[in-house]
Structure formats: C-alpha cells, structure tokens
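Consider the two complexes below, in which chain A is the common component and chain B and chain C are the respective partners.
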Partner chain A sequence: MQSLTNRFQPVDRSPMTIWEKMYIPAIAKGMGITFSHIFKKNPTIQFPEKTRPFSPVFRGLHILNRDEEGRENCTACGLCAVACPAEAITMEAAERLPGEEHLYREEKYAAKYEINMLRCIFCGFCEDACPKDAIYLSESFMPSDYLRSQFIYKKEDLLIPDPKEDPEAYKKALGNRASQKKQKD
Partner chain B sequence: MAEENKKIKLTIDNITVEVEPGTTIVEAARLLGSEFAPPTMCFYSKLEGSGGKCRTCLVEVAAGSAADPRPMPKLVASCRTQVMEGMVVKNITSERVLDARNGVVEFLLINHPLDCPICDQAGECYLQDLSYDHGEVGTRTEFVRRTFKREDIGPLIQLHMTRCILCYRCVMVADQLTDKRVHGIVDRGDKAAISTYISKAIDNDFSGNMIDVCPVGALTDKTFRFKNRVWFTKPVDAHRDCETPGCCGKATLWLRGEEVFRVTSRKDPWGEVQSFDGKPGWICNTCRFDKKKSSDWVVEGLTQISRHSVIGANKYKVLDVPKETIREVMDGRDPKLLMDIHAVSDVNNPAIDLSKLNRPAHSGDFEK
Partner chain C sequence: MNGILLNIDWPFLIEKLVLIAIVVSISLVVAMYTTFAERKVAGLLQDRPGPNRAGPFGILQPLADGMKLFFKEEIIPNFSSKALFVLGPGLAMLTAIMTSAVIPWGDKIILPGGREMQLQIADVNIGILYVFAVVSLGVYGIMVGAWASNNKYSLMGGLRAASQIISYELALGLSLIALLMFTGTLSLKEMVVQQQQGGWGGLLSWNILKQPLGFFIFLVCAFAECNRTPFDLPEAENELIGGYHTEYSSMKLGFYLFSEYVNMFISSAVMVTLFFGGYDIPFLNEANLAVNTAAILGVVAFFIKIACFLFLFIWVRWTIPRFRYDQLMHLGWRIMIPLALFNMMATGAAILFFNK
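Our next item is the complex of A and B:
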C-alpha cells in the first residue's frame, strides 16, 4: 500500500527483552515527562476568575441599548426580526403616552421584545440591521441552564442598566463593541 | 368617425406602442410594463386633475411628432403631456432623465424626516422605493427640516405633516369622492400644509381612501398604528356585501393568524386602487375601520406581492395552515411538548387581541 507520508513505520511485534520486561525504566521515563510539565508554562487559565481577551469580532449575548439620558433606543421597527435568519426575535410595539418621554426616545417603542436564545445563532445580523443603535451583541457568553424556558430572553433581561442611575454598570454592559462599531461607521 | 378612432403610434425607450389619442405618456408607458413606466408620486389615474406636481415622472421627448420631429427643449412631465403621432420618448435610456430624477428625489427628501423605523408606511412606501432606486446615500442639505405642530384630524386617520410631499392626492379624494371637503392645503411654499379647517374631524364615509392614495406615511390608519409592520402580516384578498353606496366591498385584509389587523383597498401594480368593471374600487370607512373580524369577510386568496417587495419577507406562500397530524397518528393523544412557547413568551399573547383595539396600543394594554 502506498503511504501518504514518509512518517510511516511498521509496528514492532518482536518479543520483549528482559530490560523491557522490568517496566521500571519505562515508568521512570513516563514520570519524567509528567514532572517536567510542572516547570513549563500553563496553557490553561482559571476561568471565571481570569478571562481571556475577546476578539474584536466576538459576538455574545444581546443587549438593548439606552441613550445618554437612559431612554430606550429601540422603536420596534422590526428590521432585526426580518433580518434574523433563525427567526428568533419577536416584538410588539406600542405608542408612547404623554408622561413616558423619559422612558422611550421616540413616539413608538417596543412594549414587548423577546429573543429566543434556543433559536439564535449569534450571527449579528440584527446588530447590522438596527437603524437606531439599539441592539448589540455583547462580549459575554450566554449562560447555560437546565430549563428551556430560561432561554426566552425578555426585554427586561436584555436592557442594559440606566446610565444615569448606574453609569459603571452601564459602561460594563455596553462593552467595547458599541464604540467600535460607531468608529467604523 | 374613422378619423377619431385612429390610434396613435409612438416609441418609448425604442419600443413602439399604439394608444388612443389623448392618452398621456405615462399611461402609454404603463401599457408596456413596470420597467418602462416612469415613477409617479402625485399622478393618480383614478383622480381627475392629479399629476404635474412632483416631477418624478420627467421624460425626454427626442422627437415631438411625425409632423414636427424637433425634440422638446426641456424634460417634460409625462403625466401631463399627451402623446402625438410619431413621438419618440426616452425614459430610462436617457442620461438626462435619470440625472433629473435623482435631483427630484433629493428635493423631495430635503424636508422628509428619516423616521422610517417608526413610520407605518415603511415597506409599502413609494418614496422609500423611489429613493432606493434614484436617491443618494447621504444628504447635502444643512438646514433644519421643517416641522409642524401635531394636529389631530380625527380618531381614524393619523396625519404626520412632516412626512407630506404635497402631492394633493388626498385633497382630490376629498373633493371627488366625498360630498363636502373638510380639508385642504393651507399656507404657501415651504409652509404649505394639509389641514382640516379648525381641526374638524373627517367623518365622511369615504375619507379612509386618503390613506390609500397617500404615497408616503403622511396619512396612516390610526386603528392599525404601530400594531405591526406590514411585512409581518399576511395580505389576502377578501370581499363582503357592503350596503354603502359607492363601496365596492372588495378589499385586501392584512392578517396575522386569524386576526385582521388592517383593511385596505386592493392595489394595482402602479400602487393605485384596482378597477372593478371600469370603476375604481374605493372602499368605505365601515369596511376599512369597523370590520376587523375574519368572519366579516369572504377570503378569496392570497394577494399577489411583487417579489421585489419586502412584504414577501413574511414567507406566507399558502393560504391554508398545514393540518396537524400528530394527534391522529398518536390515537388522539396530544404530543408532549418540551416547552409551550405561550407559557413563557409575552409576545403574541392569545389572551390579548391587539387588532380589536381601535387605537394604537399603549403600555397598559399588555396586562392580561
């Protein structure tokens, strides 16, 4: 049979010698390799205490953005839902009432907004489609769970903290992706 | 008599067409098909005296007629220019026309707000289509767009004056379809605005047709306002026996499941209402605003949607819902669901019928 590489070697089937039957030298050789790794650099990290830096194109869990005054950016235009190849996004819109101006930026807003994370494939098309700077894929993983019902993310789960009430948590939730995209545009 | 019935032969984009005398260029071009017809924003063949205002239908006339083959010096509005024997018209084959049309679109968009994400017309808006085909990506104007004080023109129709392009179609509907006109255009120039005098409610039986003739989102259905995007609803052709004189009773229903979200008149490929037996198929306000139950209508079939339209993204290809066979196969037992989406999800709650509200939904409407 023609070999694919020149590293081809026939298996040695000859009976073991006395030296080989003692096994001790082979064990010592193996343990030597094992112990030598103590002094080598560790390739793993202690997650979640330590995290690796994300790639700039990493796409994680979605967030719904707010503007500087803490009003929701989303106007329920439906472009994320129509762009979604997995049809994971659903929403219901409502009209802003007088007195709700501090909550929603425009006269129409998403009263209900849901992403079915069981369907989502994290392609980021929703982020590309959004004309209102409202949806971003953040730099955090989607947590696992035992129940399917926990994967229906509602608007309350997706909205980021209010920048006026909790500016630090807002910045942390927004991450680097939103500012990167703004620079690119 | 034979002289009068003589047909006129003209050439549009190198294609010869024969039409009746007195036809306008745009109507002759529409006989050739949608690729050849100039776009129109204000011309509406079912409304007398419409056209000549928006200038999107400009065409080049390379030869005036067989008798006088000199070209017309300026581009002409094809909706207002009648055909002549031996006329040579250039529409998409003329660089000048395309350039002029780009300019017209830029002017139309100077004062038009960029609020398509909120606008209910998005997806079926002719200005949106036009600016996709002819518009620039950016804007060159540095001035503040004109704004108007919000005016309430009644419980059924929502007026967004900022979006208006002053095509006068709605004024003509009010003039020609209803017995007394209660709205018109007030002020002049940059300040010209559609208004009902002293905010009089429009309560005529056919006032709803203004929504259908509006090429942009300036006049929209208040009972459908913000309920859904057009590309998530399923359009079906349906009819009912309407007793209102003048109402054709043939309409397009925009469904979501069994819920009727919106009723509009049926549209032809030019965005105008379809004609039935030579008469335009206007529908009355009872059909449009009050008959929001699927039992009120007899469904004929799916509405044909152009494959270029975003409305095709709704993926409704058949009228019937596929039959659930699992129960039959499993001897009458229901399948064991790993998760019932309605038990978890708040969206499309079966207990809340948004289509039954005759106003936009508000924050309080989503509690069971």
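Our next item is the complex of A and C:
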C-alpha cells in the first residue's frame, strides 16, 4: 500500500531475541525513563489560586455596560436579540421618567433584560450588533448550577458594578475585551 | 491463684504488649503514608504534583481517605455468605500484620530500670518459617472474601490470587533455601547479627552480595505475593472490575486496599532483614556507641532501607504494565522455579567447594 506520509514504519514481527526475552533490560530502561521524569518540571497550574490567562478573543459571560457616570448604556433597541442566532435574549423596554437621568443614559431603557445561558452559544454577535456599547462578553466563566431556572440571567445578574461606587470591581468586570474593542472602534 | 500470678513475668509481658502495640501502630501508620507516597510518587513520575490539598503538601490526605471510607455506605450483598464476607477483609488485615512479630526492628535498648529490652516481639528460632506460614495464610483473606461475595468476577480474582500466591511461594522458598545454607540459621535476629560482622563496616557481609540471584528471585516473588503490579492480576481492573473486592464497599474495601500496603511494608522489612543487613548501619561500628544510641540509629537505618524498598514497589507499579495471566504462570513455573533451583544447586556447590 502506498503510504500517504513518509512517517510509515513497518512493524517488526521477528521473534524476540534472548536479550529481549529476559525482560530485565527493557524493564530497567522503562524504570530509567519514569525515574528521569521526577526531575522534570511539571506543567500543572494550581487552579483556584492561579489561573491561565485567557486568549484575547475569549468570549465568556455577558455583562451589561455602564458609562463613566454609572448610567446604563442599554436602550432596549433589541438589535442584540435580533442578531442572536440562538434566540437567547429577551427584553422589555421602558421610558425613562424625569428624575431617573442618573440611572439611564438615554430616554429609553431595558426594564427587563434576560439571557438564557443554556441557549446562548457565546458567539458574541450581540456584542457586535450593539450600537450603544452596552453588552460585552467578559472574561469570566458561567458558573454551574443545579436548576435550569438559575441559568436564565436577569438584568441584575448581568449589570456591571457601578464605576462610581466600586471602580475596581467595574474595571475587573470589564476586563481587557471591552477596552480592546474601544481601541478598534 | 496468687502463686500463678506471681510466677508470670509481668515486666516481660507488659514490655511485649507495649512493643506489640507500637509495632502494629507503626505498621499501620507507615502503610497509611505509603498510600500517600504512592500517589505522590505517581505524580512525580507523571509530571504532576499529586495530592496537595489536604493539609500542607497534602499530608492529611490518608486521613481524609480513611474518613471517606468510614462514612461510605456499607453494602453487604444479600446473596453473599455474610459471616465469611465480613471475615475476609479482617483476615487479610490480620495476616498482613501478624508477620511483623518476628522482624527484628532494632538491637536491644536498656530501659531506665537497667532492664534490657529487645526490639523484636518474638525472637523465635524458626522466624523465617513463621513468616512463610503467615504469608501463605494471607491468601485466605482474599479467597474467603472472593468466595463469599458470590460474584463471578470476585471468584475469578480469588482463584487468580490463590494460584498466583501458591506458584510464587515455591520459588520464594527455594530462593531462601540457598540463603539459609549460608546463614545456617532460621532466626531473623541471628541473620542480622551475622550481617553486621564483616569488612567495610559490615557492608561486605550483607547477604545481597552472597546471593544476588536469590535476592532477585525473592524480590520478584515478593511483588507477586503482595499482589502488586506487574502481578496485580487478582484485582485487574480492566478485566475483573475490582477482582476479589468487587462487592466490597466502605471500610471493608479499605481493609483490603490497606492490607496490601501493610503487606508491602512487611515484605520490605523482611527483604531488608534477609538481604540488606536489617538494622545494620554500614561503615559504623555499633559497639563503639552507647547501647541506646546504637539501637535508635539502627531502627532509623532499618526504616530508611524499608523506605527505599517501598519506593521501589511504587516506582515499579507506575512503570511496568500488568502481565497477562499465562505469562505470569509461565514466569512463575518455568523461569522462577528453575532459576531458584539452579541458584540453590550453585550455592550448595560453592559452599562445598570453598569450605573444603
């Protein structure tokens, strides 16, 4: 048979020589190999204490962004829901009332915003579709849970911490991805 | 009545009971930490850290494992013979520990009252025969448990264990006969004393130098007797699920697994005693030291030697794959026994030739 690569090697089926039948040299060789591994560096990362850095294009759990004054960016336009191939996003819009200007950036906001994380495929199309810089895929995992109902993330679960009250948590939640995107735009 | 009680050598009795308690608990602790060492060494050999979460460096891991086994649900299958099912693991553990009685753990120490205390539970003059007797009994623990489980996999495991241990016992015994020709004694204590005298601080009189082939046969057979890889066919997971302990759960399973490690410890101790000078420290004349210091150093040396053997057991386990059953029998009957016989003849001839 013609081999596809030149890495082909015929199997040696000749009977074992006495040297091979003794087993001992082969065993000694094997033990030498395992022993040499004691001195090798092990690649383990002690997980909960240390984490491996994510790839720059990693798409994790969603966050709903706020602007610098802590106001929600989302205007409930529904473009993300339209873009979503898994139909995981649902929202209800509401009108901003006078006196709520410190909460919402524009006159319309999402009163209800839900993502079904069991449907979501983390493709990031919502992020691309958003004209208001309001939704990002962050660099965190989705935690596991026992109930299906727990995987429908409400607005409270998705909203990023307020940059005025807790700037550190805000920065951490935003991660590298959002800043990279800003630079690209 | 009083007379009988007074006639008993009470200090002797108490001394021996204390020694038994110490030896048994040390055996158990060492076996416990061998399970930990096994996992750590396996990690080292496979480029990973091994258990490191329970306590600093994971040193509480064996305790956690034990706790887990204790709290597991105990299942006794209703188609099993209940009495035998319970007896099995107990028997395995009992026979594993019993061998420790004749091993000389160290030289004598002098107690504060001026009383001499031998660091050996019983210096019987047929020590090595006793070891043999108890080791052969060890198979009953496995067989009884396997039979009582009323499970085909268990039965297969039990059968394999029985035939394997019986086959390798022959070669084990034959390899020892050659050794006994040299020593001329069956007492383990006396063998150690013999190995302490000789050139190079006793190193040259170690039996390993007189009987390298005998030692090799003994070592291979010890692996087979302990059911350790590459001879762990009784529990061969990929063919027999769990072998003889398929039906066992909770601490009964723990006893079976644990008795394997106790066996490893004891057979390492026997090998050290027979071939590596026991508690003898090479390049050190024990007679120059105070009796107690010498004894304690001797015990430490003994345990260091045992630790090396335990490492060997573990190292081999994580290197060599399991034999096929026919290969095992072939090795036992057609290679080990003729080799042991040859060794015996050669030794006999050498003794005859050089003593003339």
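Just so it is clear, the second predicted complex is superposed on the first by the 177 of 185 C-alpha atoms of A that agree within 3 Å, B and C clash if a C-alpha of one lies under 4 Å from a C-alpha of the other, contacts with A are read in each partner's own complex, and residues count from 1 in each chain.
Here is the rule we go by: a contact is a pair of C-beta atoms (placed from the backbone, for glycine too) under 8 Å apart; a residue touches a chain by one contact, two chains touch by 3 or more.
Note that the structure is predicted; figures quoted are calculated from it, not measured.
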item	value
Which superposed partner A:M91 touches (first chain B, second chain C, both, neither)	first
Chain B versus chain C as contact partner of A:K172, first or second or both or neither	neither
Touched partner set for A:I27, first chain B, second chain C, both or neither	second
Chain C versus chain B, contacts on chain A by residue	B
First, second, both or neither for A:H37, with chain B first and chain C second	second
First, second, both or neither for A:R119, with chain B first and chain C second	neither
Those residues of chain A which chain B touches in one complex and chain C touches in the other	none
Chain C to chain A touching residues, read off their complex	43-49, 52, 315-316, 318-320
Complex interface listing, chain B residues touching chain A	115-118, 122, 225-229, 231-232, 310, 313, 338-339, 341, 343-348, 354, 360-363, 365-366
Complex interface listing, chain A residues touching chain C	27, 30-31, 33-35, 37-38, 40-44, 46
Sites on chain A touched by chain B in the complex	75-79, 81-82, 90-95, 97, 100, 106-108, 111-114, 116, 131-132, 148-149, 152, 154
